[in-house]
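Which chain is which? They are A, B, C and D, in the order written, and residues in each are numbered from 1.
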Amino acid sequence: MIRFECDYAEGAHERILRRLFETNLEQTPGYSEDHYCARARDYVRDLCEDPGLDVHFLVGGTQTNAAVIAAALRPHQGVIAAASGHIAVHETGAIESYGHKVLTVPSGDGKLSALDVRRVHENHWGDVTHEHMVQPAMVYISQPTENGTLYTREELETLRGACLDCGLLLYVDGARLGYGLMSEACDLTLPELAGLCDAFSIGGTKQGMLFGEALVLAHPLLKRDFRYIVKQHGGLLAKGRLLGVQFCAMLEDGLYFDLAKEADRLAMTIRRAFEERGFPVLFDSHTNQQYPILPDHLLAELEEDFAFSFWEKVDGEHTAVRICTSWATEERAVKALIDALDRE
Amino acid sequence: MIRFECDYAEGAHERILRRLFETNLEQTPGYSEDHYCARARDYVRDLCEDPGLDVHFLVGGTQTNAAVIAAALRPHQGVIAAASGHIAVHETGAIESYGHKVLTVPSGDGKLSALDVRRVHENHWGDVTHEHMVQPAMVYISQPTENGTLYTREELETLRGACLDCGLLLYVDGARLGYGLMSEACDLTLPELAGLCDAFSIGGTKQGMLFGEALVLAHPLLKRDFRYIVKQHGGLLAKGRLLGVQFCAMLEDGLYFDLAKEADRLAMTIRRAFEERGFPVLFDSHTNQQYPILPDHLLAELEEDFAFSFWEKVDGEHTAVRICTSWATEERAVKALIDALDRE
Amino acid sequence: MIRFECDYAEGAHERILRRLFETNLEQTPGYSEDHYCARARDYVRDLCEDPGLDVHFLVGGTQTNAAVIAAALRPHQGVIAAASGHIAVHETGAIESYGHKVLTVPSGDGKLSALDVRRVHENHWGDVTHEHMVQPAMVYISQPTENGTLYTREELETLRGACLDCGLLLYVDGARLGYGLMSEACDLTLPELAGLCDAFSIGGTKQGMLFGEALVLAHPLLKRDFRYIVKQHGGLLAKGRLLGVQFCAMLEDGLYFDLAKEADRLAMTIRRAFEERGFPVLFDSHTNQQYPILPDHLLAELEEDFAFSFWEKVDGEHTAVRICTSWATEERAVKALIDALDRE
Amino acid sequence: MIRFECDYAEGAHERILRRLFETNLEQTPGYSEDHYCARARDYVRDLCEDPGLDVHFLVGGTQTNAAVIAAALRPHQGVIAAASGHIAVHETGAIESYGHKVLTVPSGDGKLSALDVRRVHENHWGDVTHEHMVQPAMVYISQPTENGTLYTREELETLRGACLDCGLLLYVDGARLGYGLMSEACDLTLPELAGLCDAFSIGGTKQGMLFGEALVLAHPLLKRDFRYIVKQHGGLLAKGRLLGVQFCAMLEDGLYFDLAKEADRLAMTIRRAFEERGFPVLFDSHTNQQYPILPDHLLAELEEDFAFSFWEKVDGEHTAVRICTSWATEERAVKALIDALDRE
């Protein structure tokens, strides 16, 4: 069985484990106040070309999203997200558990447009009873989205403009940021991204680390007392240096990006193989998640040897699945999948 | 200026004030542990023909909804509501402020169907990742809805069946329950309603009291320790007997229902007057809220003498407004409106 | 049975009810946007001699406290209070239900000193692990306290100085503010109080209104979007003018203060009667709440005709009770109590 | 510099890292649904001699405590803890952030007695206004406590009896459980502990793992839907097998206990060295945390070569510090400390 169902099926890139071994018996202060975390923060600031950024390391994505949103909002405020956004669907109400409403906007491709944001803003402030409704105060997007789609630089600039006009903070969930930035379809650099939002995350878990997310804060409001918020959310890892060591290993010479680029390439190989054989895709993804639509009988045969994630029934006889590559995917696994496709 | 914009523009029915005067200097225990509240609870139980019901008195609707929902749900659970439901839109996130997600379902007429509920339930439990999503545990409806529409007895029975099958509690927000029960289109009695849900409220504020909602609890889970929950929500009125005195005055001889019936009659008079003159209504309401669609020029003229609530722009030249009658509406105000309509 | 157990056993001063009658059928906008509320706000600002204050009207004290504290704090911040403070003990965890810790300080007389506040502040910031602890950000006191005791002007100035030095907001719960200000032992005026804190409340419920608290906000942070917070807390009364009408009746010619002064006088009459007969008091209260310590046999006899609140067992044979006078207490009730004392 | 300031200064026991290496490229399902977690759960159940226990793996202690407490309590309920308890002091209000009050009891040695618990219970239910106060519903203790002290079997049995009598759940925070169970002063076995509480944790982070806590649930109420709660708290690790692999390595042949035993032995060596030289200890700890009281001049000299945690000023010239041994402490570090003590 070859698993394409997610991008967290294996452990970590070998270099990560080697570094953990090498540094294992060194004694360091806890709670990310060690020199590895300090160095990793510097790597992030250097890569973003902005020495003024604050960088925090958390364990997982739900925690990271909940912490930054809780830090940003007052009690009567909510966060705008696509209806398919991770915080709106797949975090068991973590945002609500801290008291905040997710204000959802329908979205076919998983993206929010500047127009969407302006409309939510205007609908709120244009209503004479707006004090009876949750006030939009932050915009949540992910790059890439849950559907593998990407914001172009222009789209992000336009969205950022809308946020500035409307007084909204902009947060970019980058759980798969590497796969996004290294996509052939991405015209956005990391420094550009960093300059266009108030906060964003750089995901490690799905990109070759054992675990870990770097949260980058640009806005002063978010920076203030943020370590308290992390602690309150159970995100201040006692052996915080584990996060520092891993991010150092990933960022010191671009391993994070190299791994993502190769995973994207393999994902596009899979996409093209499906499309060339007449199987369309559900979303126009150029990242490591692909969503081919397959006849059910073919899917059943493929699933004898390969694991995919069910996405949705497209009609009575066709199903869309999600196929992920990752930092750990090997060329021969991709070849095996395409061979199987030709055999059926 | 004659105000039709809401059903809480005046104070209270004269009998209410008279009773407050008569009982004013009597000394009673606080926090609704007085004999007026006791008697009012008995009136509610008698009217519902169920001596086993618990009855609590709260000040306002948002508080009542938030308290009963907080009492019902565990942290990972949410409440299903129509997207236009009061808790989903007009309570400034009170439900979320206590940690819970409102799971919304689009609805044209403001009602939830048994099918809607079954679908939410099946989508949740049928998804292998359901532990990553908020678990539906309660259904919130209002009778009548925000659109003035009503559930028939059969609809409510079917909905109740779906709730029982799916293990969901059913709560009916009755902020305007009197207007609903007394509508010419309603085939549901109060005892029937009480028998078909786990909790419901009987609104006083919009039905002729100064303020006050009776919350009726049938399910043992909800009954347990509910006064603590009311206190935590700031809903345990020190001079609780004010609620008891008012509900006694309203329920002892059916005043609550008589006032609602007359308001409904006047609302239908207005609706028919608009329809007969060729102005359609946005929702098929048979209760005290009516939603005529008017040409903008006509609306502008009417608004010189009458206050309505803006509802929505229907097209470039037409607007739907909400017109409310209430326990305080006089026949001559309705006549003045219809006369004005004929004049324009 | 004559009730001295609390100050909310009766309805409201006659003038309140008369005004509600007189204004009853007037149509006004809802949610405290009417002209009565506007005028009542002006009365408050005039009495405080500060036109820049924001004034909001809420229904009850728990709601008022929870709303202003939720508006003031970020998620990792807490509010300092005496261990006997109302928010620490008697609000069923309302503050915690909105996510905040009450940081308590032991206090014999119910008051917090400037030294207490500085110590909490220094303990927090002086601890290298302070990010693992709730950050103090607000100070809650009540005037008078739960024990009937009062802050002098000098004490309040010193406390305010400590708050400013430590970057803490100061909130004064004035559920019984009138009884405090009119006490023979009070050297603090309302304008002085208003100038020495960031927010305070003027309680109506226990001072002769049916219900209602005025919350006065001085600090810009608290003012911002406060109506949203009130709505989220279920505190935005639909018929908000009921609050405006009542506060107008109370404040227009000083009735609020006259009633309080008389209640304080009667309370001191009771205190002195006990003391002159050799019964000490538990707290040095000069306000409407008195705490005599009585032999249990005497207490049992008195309780045949009079209702008190149990406060605490002082030893095996003595009990402290709370005796309240109020705006509604009559001289003859006080005389009856003293006569009974002499008889036993 | 030799660090004795905490028990999480190093990485992990070598076997842990080796196992992560060996299993690194295996593909497994995410979110702790893999076979390593399954096996680790079985190890826990076997060691506890109770096949009916549910076992969940979380990343950190604050998260674990917050999750089990949120799962246990209804909104108006609180958890009883010693005033020095971790949840009361060192979790930045995580318990409150989910809406619950920590009901604290002063405690000299960090332990709660059965009498403490009965008193809180009786004070609550014996007060006629108990609905105005947070209802105690759970007891939180830690074994060992924050002060290194231990509950004997008899003490735990008595406490359990009080909890059962009072209808309170009992949760034992075992962040350092191994150090507790293997202490020379502990007469309690793991199966006995498991049989005497409703939930407890087995800490990994401070006992030789990179990170990870096993939460063991015995009470049916807590078991229900617990994975949802973990996800909501950000505790459902994507690569959950990392927790399974580590706990397998620790529990398969008793490494967890062997490491703890040795750390306890070294800690007692340190304690005795101090005591023999006339330096008393602040708490009677027989576990890996020791609290000697030192003259300030001696402390200053020792701190040139050794890192301790400041605990408290005992008087103008003496300070109590915390000295931790851990699974990673070497005999020669202990010898160096004692030698230094003799030198000064």
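Everything that follows uses one rule, which is that a residue touches a chain if its C-beta (ideal position, glycine included) is under 8 Å from a C-beta of that chain, and two chains touch if they have at least 3 such contacts.
Predicted model only: the values in this text are computed from it and were never measured.
**Q** Going by the touch criterion at the top, tell me which pair is linked by more C-beta contacts: B-C or B-D.
**A** B-C
**Q** Measuring between Cα centroids, what's the chain most distant from subunit D?
**A** Looking at centroid distances, B is the chain farthest away.
**Q** Go ahead and note the Å separation of the Cα centroids belonging to subunit A and subunit B.
**A** Distance between chain centres, rounded to whole Å: 42 Å.
**Q** Could you grab the centroid distance between subunit B and subunit D? Build each centroid from C-alpha atoms only and quote it in angstrom.
**A** 50
**Q** List the centre-to-centre spacing of subunit B and subunit C in whole Å, with centres computed as mean CA coordinates.
**A** About 34 Å, centre to centre.
**Q** Quick one: which residues in subunit B touch 2 or more of the other chains?
**A** 75-76, 91-93, 97-99, 131-132, 228, 231-232, 236
**Q** Can you tell me which positions in subunit D touch subunit A when the two form their complex?
**A** 1-3, 6, 8-12, 14, 17, 20-21, 23-30, 59-63, 66, 91-94, 97-98, 205-206, 210-211, 228, 231-239, 242, 328
**Q** For the complex, which residues does subunit D have touching subunit C?
**A** 75-76, 78, 89-93, 96-102, 128-129, 131-134, 310
**Q** Would you pull the subunit A residues touching subunit C in the complex into a rising list?
**A** Contact set of subunit A toward subunit C: 31, 70-71, 74-76, 98-99, 131-132, 135, 225, 227-229, 231-232, 236.
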